[in-house]
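Each of the next two complexes has chain A plus one other chain: chain B in the first, chain C in the second.
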Partner chain A sequence: MANIVPFFTIIPLFTAFAISLLGRIFKNAFIHTLSIVSQFILLVLSLLSSVLLHRFVDGKILVYKIGGWIPPFGICMVLDGLSSFMLVTVNLLAFFVAIYSLNYMNKYTDKPKFFTLFFLMLTGMNGVIVTGDLFNLYVFLEIASIAGYALVAFGTEAEELEASFKYAVMGSVASAFIFIGIAFLYGFVSTLNMADMARILGTKTNQWVLPFVSALFFMGFGLKAALVPFHAWLPDAHPSAPASISAMLSGVLIKALGIYALARILFNIFGILPVYSKILMFLGALSMLVAVVLALSQWDLKRLLAYHSISQIGYIALGIGLGTPLGILGGLYHLFNHSIFKSLLFLNSGAIDYAINSRDLKDMSGLRERMPITYHTNLIASMSIAGIPPFNGFFSKLIIIIACIQSGYITYAIAAVVGSLLTLASFMKVQKFAFLGELKEKYRDAKEVPLAMQLSMVVLSIICITGGLLLLPSLRYFLDNAVNVLLDGSNYANRVLETALK
Partner chain B sequence: MTLYILCFILFCVGLYGVLRKRNLVKIIIGLGIIEYSMNLFFVLLGYRLQGRAPIDAQHQDILNMVDPLPQAVVLTSIVIGLGITALVISIAIRIYEKYGTFDITKIRRLKG
Partner chain C sequence: MNIKNQDSYTETGMTLIVKTVTRLTVGLILVYGIYIVLHGHLSPGGGFAGGVIIALSFVHLMLAFGRDIALRKVSKNTVSILESIGALMFLSIAIAGFLGGVFFLNILDKGSPFRLFSAGTIPLSNIAIGLKVGVGLFAIFLTLVILEGSKR
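So, the complex of A and B:
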């Protein structure tokens, strides 16, 4: 049963190398089939693992020992509720982005290289999620980041190169901070296994190294997650990438590399202390407000969306930082919802770019008539992100706000409501300038995008509408298992070590 | 202790290069220096005075063994650093082709 865990990294890694080796020889059809098939297998595997984990596994945790070595000595891979939640989110999105890219990437020249980098990034993200070893986490984080730097520069235009350079330099400095943090932690506990680390930290009475290490991790992972004081690279990097990659970067990369890794370390290794959760909540509330104000004045469609990514990451950090069951539920649920609607919005912007070759809101108008599917899916996604009732964004924001009030943080609750209203305002601006109004003469012959792009946009918008169903009692386990892992705190160590020794 | 302080100074030199220099190539050199200092730091953590390599030979008692794990870890980290440096340098070359300069104050078509 535990043998399915390594396949989440093996399949994309294998696909990446197969495409880079054979892509030159075979036609595009081969690349398309290979990437869709392997992405589909990943999606099925992640959904299956989520269901199996809930139904058939005692303790809801699977540990795979690489090479048969017992955890403190060898690297292990851990699949628990939180990992399987993140895996479903990442692979669900990657599947639709891969479908979208089949047509969209015709704008660019080199499809084999694109899919190679895409799958390498996926390897990195899946690896970060399933790994149970802190240094291994760093390695996978670097794989995903390096593929991300290269994908941002994929168009090799002047702006894209500039953004990629900025992103690469800041990302490398962040990685250096993470690495030094890991080094200090290793010097203190003499192990790199996450579960063993948590166990040894629990036995030490004087944890003088933790404040310093957690400051380094806040800087490092905070920069990867683009929380506000560390956000400067995101509004340049995400709009510059091809739209499908913007969707992946904004949708899942900042969450898998930033929020997930930070939450895993703070909650499961350090055992959450009130100080950390206060810092996390403060950073979250700050990002929520600052970024949404900056977003209001943007006229570049993708740049506006990128600022909203920072703001929505703030909601997630606030929810998880609360540390109460309801708060974590809201944070993780918003993580899932945000990955769906934000990537849908980026795919919409890519569709507009594909049809009329422009990203400037002042330049476009009245596209509703020419691109009905893009218009309707964009409307759904806009209402989701703004938190209009029947859509998924409403429920997660509501849970976060209720959780804030419940734990007595009224200021943060008000900040969340204000952020939500400003989000609504800026998306009304997008609707008004992009889709409503007079159709301009030069866009008279703008065409709706090809079928594969339409398909992935429509399916994602259906998930936006039905996302609220995840709160139903029969489907709640998907979220609840993830929440329980974080609530368990340092008990993670015992569960992993016990399962591994079985 | 002196070694750790020197290592920290090396890190600060690298950070200074990344933050203050205007030339793209010098920024990349700064990144390289940061990587060296962090690798050095991790190796230093596993070192002990008069230590020897942890190689298990027959009929030999190994008394003062240095910690082998940081060395294995740093080996991986050096390879990652190589990958990043190669990528960043190739991006810098393409930037020079587009802008005709390595000066970051002149490379600013992106607003904000």
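So, the complex of A and C:
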């Protein structure tokens, strides 16, 4: 059964280069079919992996030995509850973004290049999630980041190139920090396998290198995740990309490369110490408040959404940083929910851009009449991100706030509530200026977007409404398996190494 | 490399001295790069290092003779097709491991150590990496040159 694990990187990598090779010969229909088919296979595989892992695998962990070499010597891929949770999130979103891009990317030239870069980014993200080797993680992280830099610059206008350059510089600084961190850790434990690292760190009494390395990782992965002191690149980079890529960047890239990798290293390799969780929680709470205040005054729709990504990442970091079962559950659940509604919001902004060619909130008005589907899906997503009760965002924010109170961090709980209220305020602004009010004369003949774009927006909004059902006892395993991996701490080492030797 | 003689006297590129030396050395550099790739499993070097040397031989050609003459040897289209082929070749070698049951498994006969034909799929992987790195690096250089040219 472990044989499905490497396909999460094989399929997108193959698709990327097949499109780049054959895309220039065949028509668009070929590129569309190939992208959608391989993305659909990835989605089915990731859903399947989650179900199979829960039903049929003892210990809920699969280890794939690449080339047949046993882990401390060869590279291994690990599929546990957390990996399969992240895989479902990433591939679910990538599937709908790929459908959306079929029509949306007609605005730009050179679709084959777009899909090549898109699938390379997906290779990187899936690779980061399934790998069990720290240097392998770095390589996949670079693949995803570099594809990201190119995709941000895809429009090749001056503003986009500037944003991409800024992103590339900041991203390279982050990668350098991560690289130095990995080098120091390798020097200390003499192995790169994540499970083996955790095992050897457990046997050392004097772990003098850890504070230094964890500071490097906090800076590096914090930059990738855009936590507040390291966030400055995100409000430039995410709005400049094509909307479908903004959805991928804000929806899953910052989480897979930033939050997931940081959580995996802090919890499963280092074994979470109180000081790490305090730092993570503080950065989370800071991001939550600072970014939402900055978002309030934005008039560029996509820039406003980008600031909200920073703020929502803060909630996730706060939840995971708490380290209690309820806190981690809230953090991961919010990660899933945020990836759905934030990408839906970015797809909406892309739809508006597609229809009226503007991103300025002051410029648009009354689009409700002309674009009913976009309006309704946007309303659902706005209420989800603001945490209005029946939608998915409410449940995850509630769990995070309850978890904060339960562990005695009342200040953070209040900060989370305030952040949520300010989010509501800024999305009321979006609703009022973009959709309600008088329809402007120049937008009298604005048309609703094509069918494929409508389809992916509608399905994502349905997931927003039904997302709360994940807390039902029969579906809870999806989240619980992921939470248990983080709660297990450095016991991860034993589980991986034992499964590998079986 | 068989560069026609009259190219040496065209306006583009550097001086006659540089062109003559390039004409003599560029083939050697290319062959040395291919040697590093093919000998990668036995001696220091391998796909990446050899690929860089192969790319440098074309870069050398472009510096000495100018953009157009180098592009006549390897066009932009060829570069981008070869790059994708290199990547797909490496991936297929890895997938071929599934014939033996495991991704990246070395399925070919390993042979005896220190022979040129030994080590199973490693030399093949080196060739794929050499192709990918060589044309990839040349493509980066080419893009920079073309962008610089379009700015004027």
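Everything below uses one rule, namely that the second predicted complex is superposed on the first by the 502 of 502 C-alpha atoms of A that agree within 3 Å, B and C clash if a C-alpha of one lies under 4 Å from a C-alpha of the other, contacts with A are read in each partner's own complex, and residues count from 1 in each chain.
One rule holds for everything that comes next: a residue touches a chain if its C-beta (ideal position, glycine included) is under 8 Å from a C-beta of that chain, and two chains touch if they have at least 3 such contacts.
Being a predicted model, the structure only gives us computed values, none of them experimental.
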Do chain B and chain C fit side by side on chain A after the overlay, or clash?
-> fit
Should A:I180 be classified as contacting the first partner (chain B), the second (chain C), both, or neither?
-> first
Chain A as apex of chain B and chain C, Cα-centre angle in degrees (nearest 10) = 40
Touch check for A:E159: first (chain B), second (chain C), both, or neither?
-> first
Between chain B (first) and chain C (second), which, if any, makes contact with A:L13: first, second, both or neither?
-> second
Once the shared chain is lined up, is A:F282 touching chain B (first), chain C (second), both, or neither of them?
-> neither
So, does A:L21 touch the first partner chain B, the second partner chain C, both, or neither?
-> second
More residues of chain A are touched by which chain, chain B or chain C?
-> B
Is A:G67 touching the first partner chain B, the second partner chain C, both, or neither of them?
-> second
Check whether A:A150 is in contact with chain B, with chain C, with both or with neither, and answer first, second, both or neither.
-> first
In the superposed arrangement, does A:F30 touch chain B (first), chain C (second), both or neither?
-> neither
Superposed arrangement (fit on chain A Cα atoms) - minimum chain B/chain C Cα distance in Å | 5
Overlap of chain C and chain B interfaces on chain A (superposed complexes) | none
Sites on chain B touched by chain A in the complex = 11, 15, 18, 24, 27, 31, 34-35, 38, 41-42, 45, 69-70, 73, 76-77, 80, 83-84, 87-88, 91-92, 94-95, 98-99, 107-110, 112
Which residues, counting only chain C, touch chain A once they are in their complex?
-> 77, 80-81, 83-85, 87-88, 91, 94-95, 97, 101-106
Report the residues of chain A in contact with chain C in the complex, numbered from low to high.
-> 6, 10, 13-14, 17-18, 20-21, 24, 64-68
For the complex, which residues does chain A have touching chain B?
-> 135, 138-139, 142, 146, 149-150, 153, 156-159, 161-166, 168-169, 172-173, 176, 179-180, 183, 186-187, 192, 235-236, 240
